[in-house]
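We call the chains A, B, C, D, E, F, G and H, going by the order they appear; numbering starts again at 1 in every chain.
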Amino acid sequence: MMKILVNGAWRETRSAELARALEELGYGTSVVTTAVNGEFVAAGERPGTLLSEGDRLEVLAPMQGG
Amino acid sequence: MMKILVNGAWRETRSAELARALEELGYGTSVVTTAVNGEFVAAGERPGTLLSEGDRLEVLAPMQGG
Amino acid sequence: MMKILVNGAWRETRSAELARALEELGYGTSVVTTAVNGEFVAAGERPGTLLSEGDRLEVLAPMQGG
Amino acid sequence: MMKILVNGAWRETRSAELARALEELGYGTSVVTTAVNGEFVAAGERPGTLLSEGDRLEVLAPMQGG
Amino acid sequence: MLQLYQTQLTSRLMLGTARYPAPAVLADAVRAARAEVVTVSLRRESAGERAGQAFWSLIRELGVRVLPNTAGCHSVKEAVTTAHMAREVFGTSWIKLEVIGEDDTLQPDVFGLVDAARTLCAEGYEVFPYTTEDLVVAERLLAAGCRVLMPWGAPIGSGRGLNNLFGLKALRAHFPEVPLIIDAGLGVPSHAAQALELGFDAVLINTAVAQARDPVQMARAFAQAIEAGLAARAAGPIEPRDLAVPSSPLIGTAFRG
Amino acid sequence: MLQLYQTQLTSRLMLGTARYPAPAVLADAVRAARAEVVTVSLRRESAGERAGQAFWSLIRELGVRVLPNTAGCHSVKEAVTTAHMAREVFGTSWIKLEVIGEDDTLQPDVFGLVDAARTLCAEGYEVFPYTTEDLVVAERLLAAGCRVLMPWGAPIGSGRGLNNLFGLKALRAHFPEVPLIIDAGLGVPSHAAQALELGFDAVLINTAVAQARDPVQMARAFAQAIEAGLAARAAGPIEPRDLAVPSSPLIGTAFRG
Amino acid sequence: MLQLYQTQLTSRLMLGTARYPAPAVLADAVRAARAEVVTVSLRRESAGERAGQAFWSLIRELGVRVLPNTAGCHSVKEAVTTAHMAREVFGTSWIKLEVIGEDDTLQPDVFGLVDAARTLCAEGYEVFPYTTEDLVVAERLLAAGCRVLMPWGAPIGSGRGLNNLFGLKALRAHFPEVPLIIDAGLGVPSHAAQALELGFDAVLINTAVAQARDPVQMARAFAQAIEAGLAARAAGPIEPRDLAVPSSPLIGTAFRG
Amino acid sequence: MLQLYQTQLTSRLMLGTARYPAPAVLADAVRAARAEVVTVSLRRESAGERAGQAFWSLIRELGVRVLPNTAGCHSVKEAVTTAHMAREVFGTSWIKLEVIGEDDTLQPDVFGLVDAARTLCAEGYEVFPYTTEDLVVAERLLAAGCRVLMPWGAPIGSGRGLNNLFGLKALRAHFPEVPLIIDAGLGVPSHAAQALELGFDAVLINTAVAQARDPVQMARAFAQAIEAGLAARAAGPIEPRDLAVPSSPLIGTAFRG
């Protein structure tokens, strides 16, 4: 188990791989876009991206904007 | 013959009656409205209205306006 | 005794003459100017001016103004 | 003799040393400040500063300003 | 719907008919503006030219209501006689009452205006007085029998827009029930939209349309802007603020620890 | 037609999607505005709520082009990363670049803005920078590769209209060929009409529509006013004058000797 | 020197005497302002209090000329009677004529004003009418015998400054020889300076001084600003321009090849 | 007292020295203004004319502190070199830093300005940057080491007064402790008074004085207006209101039943 900061809140995840971690966290079918430690990680790179303890993961989705 | 001021210009007219004078002056079939010496004379009163030497006759018609 | 409206309030006065009434009302030595029933009464005319029951007397003095 | 650009105009000078060149150019006693090729040269450094053919020399003095 | 005396109108744009490059342009502008009311005037008719007859035919073909004015009148007497003559020739009791007091600014002579309004209202005219933003004058005009007021936006033909915004707002606030039509001085459609946004009921435009490079397109633009201003008023605009308020919600902003 | 990068647009009104009372109202407002472009943003998605998914479905059903923003970003790094993320999720290279420099006025940090614009333009983004009326900043943004500028009218959400008219006119005059879109600070349709009359190419509205009492009617009003302003610009407005010019011709005036 | 009827004045600042925190503050403010004229009023005197007597002593000690007003009068009759009473008690034929037409804006009733002015001028009063910027009203007041006009800057006590700049400039231009004193509505010294710069002859201030946190210092500030405005007018100010003109000469600029 | 870096000043009026009709007029204007600081510049000296020598003698005789500017500089390099040269010849570390970004408006290039300020502050200069009202730029200049800012009122020489009042008020509010000197664009003393009333610490004037018909009288007028504005700020002005407040008390009004 690993602790990472998901959208500003501490969460635990078993998988270190970003793609799996997202499924585990419940984002399996959502249209989202991700950044790890402030760097964008494209959808295609999620399978090969490994998370480490304490990483900051942003999972963003479309929202209203002006 | 009598001299009257028609729309600011001296004109001569044989008839002293306003209705006839208007015809004489060439306004026979026109849509006009008249004033004599600054007083409105309605169309219906033109036959009975007598002009005197030096009278000021205004013959007005529709125009552009703002 | 006579009732008159002095500056909007009912007052009683024994004297019908304006000059005396003013003294009676306490304005003896004051710099004031007067009107009776909306008409100015100059200081010089106060001795000869007679008040009647119900008259409206204004007694005004200098004030702040803009 | 060497040609240099003094305040935007070509001038000839015998001396390659800035301090002497200034005297030669007629600025001997004036309150001026200098730059060579866009770099400030302080008064104290003028004696040791050598000019080369084609150098751009600015000789500035106080003026009106807003 | 806007009620002016007994008449119900849909359009909030009245159009003046003067100063167009050609009669056909005027006609097209009136149609483009979807105007229901146009202002007209009287002038001396030359027996030979009969210019007035042609103009009057043109206006009648447009099928619009006419509002005759007393433009150029500087006295009560002139204005009242002109109103009498206008009623006869135009067949309407409506009269846009102008009593001009000063030739540089063409501003109303409010004294003559109230006098003439009193006379004409008593004679059964439906008077549209061209006035200033002065509240007390407005009160007198209403007391004289006027049921509509036409305050100026700015001097006629100046194209400056609503010059005394504070005064005009006070006028609107003071007479919430009286139809107020901004007459004169507007230059561009945004001026007209602003007038409607502030609660004025309608706008009369002449120079800004007639003297535009393309009067027909400009007429259409004013019509749209006026509809926009009316709709905006009804839609409840936001209040201006001094400080900024983010339009994109800040909750859920990324990269915030 | 307005060309923004390779895209041709008919509508001059872009709509923000934030702060509406309900999603259905937003959808109706976009339709009423006949907007072809709406701005959108990104936020943290909760796995349980999936709020973003619903919003995104709504927008896709509207069939409009989206312009994602980088709202809330205070640094170049945040703005650039947000742009990367936005391109992926929204499938567009358009980015409305906001780098906020001050939280009270939400005004652009023009230094960060130019830096971020340089980076993103180099990466092939089509950048719409939210900027001030500063001419020199504009020059830098164009040098960075921007082909459209979005100067503010007034602080975001303030509803004040075109605050620095002199500065905005100078900006328009200085860059006659660059599409300039007024972004932020407008309150009522007359403000938007004025922007188009002054030659600005389009307007982005959010708060003034979304927070109106009736956002749908207000959206329609803005659309109309903007069309009016655009048409007025093309129709060649009159110049404002200081003195009055009579609209009713004085030649032929009655009672004049 | 400013001539008002037969009186020559040096100071261009007239001071109202109402609303000060204390009589001593008023006295100090009058001295700080170097005012030569103060406005005063009449009120009902209570025999017991004799408040008016104390006030009148204070004013007489100041050695200034008084300009009695007819504040609060809503009819011609009231205003005329008040003028009669004021002449007796204050011993001056000067009268600042106010006929109030509307209580929210305390604006002049220009009809009553002209009537009362006609009556009082005929009786030998030297009338200072408190009026609007209306040119036609001004013409009537002059015809009635007034030789000085007191147009409002803005509603009394509002502190807004010169509200209708265009109208006030037109008034000034129209009557170049008539002494015009801005009365009411100014809030800060820059408003007063502006009035003098525009060519107005003097300014009457009350609320802006009396209700300042430090009335004495504010009185002095107004006096200075008014002198500055008068001097600036005489010194021939530059004309405003649209584009920048360098103040430092460009000829001789360094580093220019 | 106003503290600018280590210097305490009494006068709030700085004067530019350019564009006067004659040197003697400049000298008289400086004295009339009671200025303690004048701005000066550098230009190419002709060995024959020695114009600079005469000017410099004149200034030294006036006994005022000089603030050299970098007028005409369009790059960081030019501005920095000019600052170096100015320090030598004028014997002061003060430098009014101008990096011009656009020749029509002579507006600051805020990018070059911040760069040059950073360099010069690090070298020990006391930098007075000529800047816009942009808050974020101001923040950067302070971070660069500036302890005084000189925001423009309007483009140099335009005489328009405080063009972006909203932006300038925001700047003042945002940096309550930083000395802010309005530089450029003022035309008449009322503009300067207004600047002080709004809390700006001082004003730099050149064209409005030098190009007035009578520069000496105008200098005196600006000095007075600035003192008035400063005093007014301290005296606690009234707040502007929308509705009228009677200055003459209504209690005790006569003829009221």
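Assorted remarks:
Just so it is clear, a contact is a pair of C-beta atoms (placed from the backbone, for glycine too) under 8 Å apart; a residue touches a chain by one contact, two chains touch by 3 or more.
Owing to the predicted nature of the structure, the values given are computational and were not obtained by experimental measurement.
Under the contact definition stated at the top, the chains bordering both subunit D and subunit E are G.
Counting steps between touching chains, the shortest path from subunit F to subunit G takes 2. Here C-G and B-F were compared by C-beta pairs in contact; the pair with more is C-G.
Same interface as C-G, judged by over half of the contact pairs sharing residue numbers, among the pairs B-E, D-G or B-F: B-E. Averaging Cα coordinates per chain places subunit C and subunit H 63 Å apart. Chain centres here are Cα averages; for subunit A and subunit H they lie 54 Å apart.
A straight line joining the Cα centres of subunit A and subunit F is 33 Å long. Residues of subunit H found to touch two or more other chains are 16, 18-19, 41-44, 69, 71, 78, 81, 104-105, 107, 156, 160, 184, 206-207, 246-249, 252, 254-255.
Residues of subunit D found to touch two or more other chains are 7-8, 35, 38, 58, 60, 63-66.
Inter-chain contacts, as defined above, occur between A-E, A-F, B-E, B-F, C-G, C-H, D-G, D-H, E-F, E-G, F-H, G-H.
On the subunit F side of its complex with subunit B, the touching residues are 246-249, 252, 254-257. On the subunit D side of its complex with subunit H, the touching residues are 7-8, 25-27, 30-35, 38-40, 42-43, 58-66. The part of subunit H that touches subunit F in the complex is made up of residues 101-102, 104-105, 107-111, 114, 132, 134-137, 139-140, 154, 160, 163-164, 166-167, 170, 174.
Within the complex formed with subunit G, the subunit D residues making contact are 7-8, 35, 38, 58, 60, 63-66.
Within the complex formed with subunit F, the subunit E residues making contact are 16, 18-19, 41-44, 69, 71-73, 78, 81-82, 104-107, 155-161, 184, 187-191, 193-194, 197, 206-208, 210-215, 217-218, 220-225, 227-229, 231-232, 234-255.
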